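Two complexes, one shared chain (chain A), two partners (chain B, chain C).
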Partner chain A sequence: MFQSFKAIFYKDFAAFFRSGNAYIILGIYAVLSFASAFYFGGYFSLDNTSLISFFYFQPDILTVLLPAVTMRSWADEYRLGTIEYLLTQPINYAVAVWAKYCATCLFGLLMLAMTLPLWLTSSFLINLDNLNIFSAYLACFLTVCTFCALGCAVSAFNKNTVIAYIITIFVLWGVYSINLDFLLTSTQQFSDEVFAKVIRSLNFSKHYQDVISGQIGLDNLIYFLTLIFPALWVNVVALDYKKQ
Partner chain B sequence: MIVAKNLSKSFKNIKAVDDVNFCIKKGEVVALLGPNGAGKTTLMRLLTGYLQQDSGEVSVYGFNIAENREDALRKIAYVPENAPLYPEMSVYEYLRFAGSQRGLENDDLNINLAEAASQMQLSSVFNQRIDTLSKGYRHRTAVAGALIHKPRILILDEPTEGLDPNQKQDMRAFIRHYGEKNIVIVSTHIMEEVENVASRILLMNKGKLISDTTPVSLQNLYPDKNMSEAFRLMTSEK
Partner chain C sequence: MFKTFEHKKIYKNYGLLLFILFLFASFICLNIGSGLVFSRWKADLTSDSRYTLSKNSEKIISEINSPLYIRVYLSSAISKDYPALYQYSQTVLRRLESYKNLNPENIMLEVRDPEPYSPTAEEAKKLGLKSFLSADGQSELYFGAVLGNDNGDTRILEQFSPARTGYLESDISRAINALNNPLSPKIGIITGNLPISEHLYGEGSQTEWAFLRLLRNEYNIVKLSTLTPEIPYDVEALIVVAPQKISSLLAYAIDQYLLRGGRVLLLVDPYSEETKRALGLSDSLNKLLKNWGTSVDFSKVVGNMKLGEKLINENQTGQTFYTNPLWLNLTQTNIDSSKPFGQGINLLSLRSAGNILLNKQDKITTTALLSISKNSGNITTQDLSLQDAETLSQKLQPDEQIHTLAVLLEGRADSSFLGNPLKGTDFEKDMLPFLPTSLKEGKLLIIADTDLLADSAWVNEQISGTGNTYDITPFAQNGEFILRALDYLTDMPVLAAIGSKQLSGNAKSIMQKIYMQKLEPYQAKYEQNKKQLLEKQMLNKSWNKIIQNNETAVNMSVIKKLEQNRQEINNLQNELKHTEYQVRKATTRATDIITWINVFAIPAILLFVLWLFNLFCARKKQNKVREIINEYKIS
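Here is the complex of A and B:
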């Protein structure tokens, strides 16, 4: 089983570079990240001990770029017809889903690694709160893992990579910008504390802000995991559905 | 041995495969014959577990494909129509991937890879990217990928589609040779191919298995007709 996982994982990860897409995505990501930090984030004017000017825009950038990473994972298999080859191999569907998902996550990690020179360079200029920055990178990685899981699931339902890209952006934007706090004000008389907690816990930005500010808690991890695992499950279901 | 029992599959209101029964044993080269839309590809997809049957069962060397999918698929290799491949890989990378998928490692992988490549005469394009290969070489690469774990059952959907006459000849010779010690199931609607390679014919029409015969018996059924005419008579609307 591990051998099959390794084979699909390596195939998918290498495919980013073989097709040349990797270099374009990495390049655009680096430009957008640094440009947002320097020009829009106020890198030189803010108290930047935790590089907040850089991390603040990461979910927006990842919302646009990660769909370009995940859109091919299943949609391309359908387009090329290789899905028929892949799914007639003696491999559990869940293993194939995990392998493809991990390949996209590793690519996401590589994207984040491209920005490490900013951390390094800034550390020569000012006194940084390194623990906080590490926590912020963790927030970005959790965001990458979540967005990749959602992107792969969308890709599993589409034969067209462009459609997969557009739908994924829409889904990620929905997840990222969901904020149901207005329900709390409109139902203030009836809602109890538990309801308020549930509503607040659905807010992506709240969890992201918690983690980048170094206040990572179990509720943050649970939030991200409750998005990742169901998305992967939906991915397996999508493959199973194709058998019908 | 591969056994299909009361196998049926519908897509909405269309019965693609309708109560099909057969048993294929080692040493048989079976031509799955029928006009377009007869249900050949659907039947192959059912045999390989790519599609789930509505009723009936498929058993591969004792393993039910619905219950023991992975065990059953270890014995099967399937090359779908048009031999889909990953265009950005080289032939060598593809064969390595195919071998790794089948759990081959180190020396086993290298030996089987070299053997499959030599069987399909791929040495001259070994390091070439798949998207730069001719259709014939692509097809051979797909078959080499299928052969890498030495499957006991080889299923080929229209294996000579798009090949030039020499390549067709080579592919047919290979199928005959491989079928001596294994099971080969070939889907086709080319009668010349059936005469050339098959030891048995499963003739399908509108999802039903209308005849389970041999090329000789089919010929004897219509002694004054050639194979193509016999095929036309058996599958025509009238």
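Here is the complex of A and C:
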């Protein structure tokens, strides 16, 4: 089982670099991330001990760029006709899904690693709260994992990579911008606390903000995990659905 | 057959849809459940434990047993107009959430948006919250809080300021504690010749010193006369400032107050930097202190080369740096932390402090709170009055002795007096009987410096005259030390232990830091110009006042002088603006370079390195394949 996982994982990860797309995505991601922090995030004017101006825009950037990473994971297999070969091998669907998912996550991790020099250059300029920055990177990694899982699931339903890309952006945007705060009245009343908690527990931004500000809790982890694992499960079901 | 196939497909689609709906429902249920159950418990992944409340704050919160309402007024326009303040507002809200989470049954938190010209904005204004203008200058914005309880007691935090980030917990916990204990202890204050407050000195040019504003926020401060023969029994602690010239009657009052279990914070000074004079020997004071096993050396001040403040001197040859050994910046190693109010105090700024001599007594526990030893020495007050700081730094001879600058004495002592000095007069019958020895354990805290109270020693430029406490931005912890010492003296150890987390002096914005770096070469000249400008403006103001009050006849020489002064003011203003422009230009250049490096250079280099690495791996792989093919061909 491990051998098949390894084979699919290596094949998918190497495929990013074979086509040269990886350099484009990594380059655009780095430029967008830094540019947003410097030009829109108030990198110089805000209290940036935890590099908030950089992390603030990460979900927006990942919403646009991660679908470009995940769109090929299954759609390409359908397009090239290799899906039949893959699915007729003696491997568990879950292993194949997991291997492809890990490959995209690793690429996502590489994207995040591209931004580490900012941590270094900023440390020469101000005293950074390194623990908080670590927490913020954890938030980004959880976001990457969540978006990759959703992106792979969408890709499993589509034969066309462009359509997979567009639908993934739409899905990720939906998840990221889900904000039911409008259901709360303009002034939050003392008695509405439970209602506010219920509403906010479904808010992606709230969980992301919690972790990037250095306040990580079990509820935040549960939120991300309840998005990742069902998405992977849907991915497995989609393969089965397509096969039939 | 075709129909069956179609049916199967429909069933399959429905099945998939139901499965996804099931997952979605599970997602909602699980997250609502976890949000309700686990949202209270959070790990604090910040190096300064930003969201973790101290044990003392937790104790204050645990004492709340009736509803406490925290109503935050936060204008939504702040997020757009003031991003830095908005960022800080999120920290404040998170901090308030952590208070709520510790006692969710009794603490009610509410956030209101005082939209311009709305009833909520009116309410905020009426409550006394401090407003500031929006970016377009059209409307007033608010970011403050009102804490209240069912008894109708309220505490107003007029405005949360990022400059007081380190004091956030202290401010909130103190406000909550004040609601828990609405009766503020009465503190008596006796000052010598220091103009510390207009409340104490009447209408005048003096505004209240920041330390007194801090104390007034927590305590009921009452002024006592320097000629008082008796300290009122309801005064829980007494502050005596610069009392070198105290009368023997006041000495008797303090002596009897201490013997009755009183608590005294005594600030003495051989040389006052504020009044620029040495006040000489005080017999009555040392007579009072003798039985408490201590005395103050009024002939000398303590200096230390390493702890002295670094200053710049501008002269004809250029800038020279020198150390003023008498302006001491005491750090953690010089501050005793065995008492709760000494914990977390990392910087105290003292100026020309005196030497406290200790002669330990059996019934008295002595704690040296502030002391210095290495590189320290004495300078006589006579020398100090005559010579400048640069010369004095050369004159200081380290004696390697321990110099005590503040001491806490707790215990019982005998009276320094043989009887009531007013014995036999009509006043005697209204006074409490003379005590020859302690009735209860007293506490006496002596600090051999009064300049540490002055705003210039510990507070950044403040918005004077507003009477607010929450706009005080300290660069040293002098005020905090005095406040917490009083908390200790008035038996409130929990409050005494709540300290600040960081000082506001450290600029956290990168722009500010670069600006300060670029300003450094011009600093001495810039500060000098600023000082001159202020002096000239004051002069202009006073001349105008004199002319308006018809105190002097308006003649040509006065007008000429005024005109010349105005011209000089204009020149100085132009020079200052020019310096600022130069510094801003240099700052912009530096930020542009940083931006360019980060946005373009670093990603390009990284991508190149990655491409090289990939190329190297591909070559290695190719070689390996070639080797295999060759081997195959050979075989």
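List of remarks:
The rule we apply is simple: the second predicted complex is superposed on the first by the 231 of 244 C-alpha atoms of A that agree within 3 Å, B and C clash if a C-alpha of one lies under 4 Å from a C-alpha of the other, contacts with A are read in each partner's own complex, and residues count from 1 in each chain.
In this text, contacts are C-beta pairs under 8 Å (C-beta built on N, C-alpha and C of every residue); 3 or more make two chains touch, one makes a residue touch a chain.
Because the structure is predicted, anything quoted here is derived from the model rather than measured.
Residue contacts after overlaying the shared chain place A:S135 against chain C, while chain B stays out of touching range. Look at A:V237: by the touch rule set out above, it reaches chain C but stays clear of chain B.
Touch criterion met: A:I216 reaches chain C, while chain B stays clear of it. In the superposition on chain A, contact is made by A:R200 with chain C only, not with chain B.
More residues of chain A are in touch with C than with the other of chain B and chain C.
Of the two partner chains placed around the shared chain by superposition, chain B is the only one that A:T88 touches, whereas chain C remains out of contact. In the superposition on chain A, contact of A:S123 is made with neither chain B nor chain C.
When the two complexes are overlaid on their common chain A, residue A:S4 makes contact with chain B while staying clear of chain C.
By the touch criterion stated above, A:L80 is placed in contact with chain B alone, chain C being left untouched. Applying the stated touch rule to the two superposed structures, the overlap between the chain B and chain C interfaces on chain A comprises residues 244. Within the complex formed with chain A, the chain C residues making contact are 12, 16, 19-20, 23, 26-28, 30-32, 34-39, 41-48, 50-51, 69, 83-84, 87-88, 90-91, 94, 108-113, 120, 162, 506, 508-511, 513-514, 591, 594-595, 597-600, 602-604, 606-607, 610-611, 614. By the touch criterion given at the top, residues 3-4, 6-8, 10-11, 14-15, 18-19, 80-82, 84-85, 87-92, 243-244 of chain A touch chain B in their complex. Against chain A, in their complex, chain B makes its touches with residues 45, 48-52, 69-74, 76, 78-80, 82, 84-89, 93, 97, 100-105, 142, 145. If you check the complex, the residues on chain A that touch chain C are 17, 23, 26-27, 30-31, 34-35, 38-39, 42-50, 52, 114, 117-118, 121-122, 125-127, 129-132, 134-135, 186-190, 193-194, 197-198, 200-202, 209-210, 213-219, 222-223, 226-227, 230, 233-234, 237, 241, 244.
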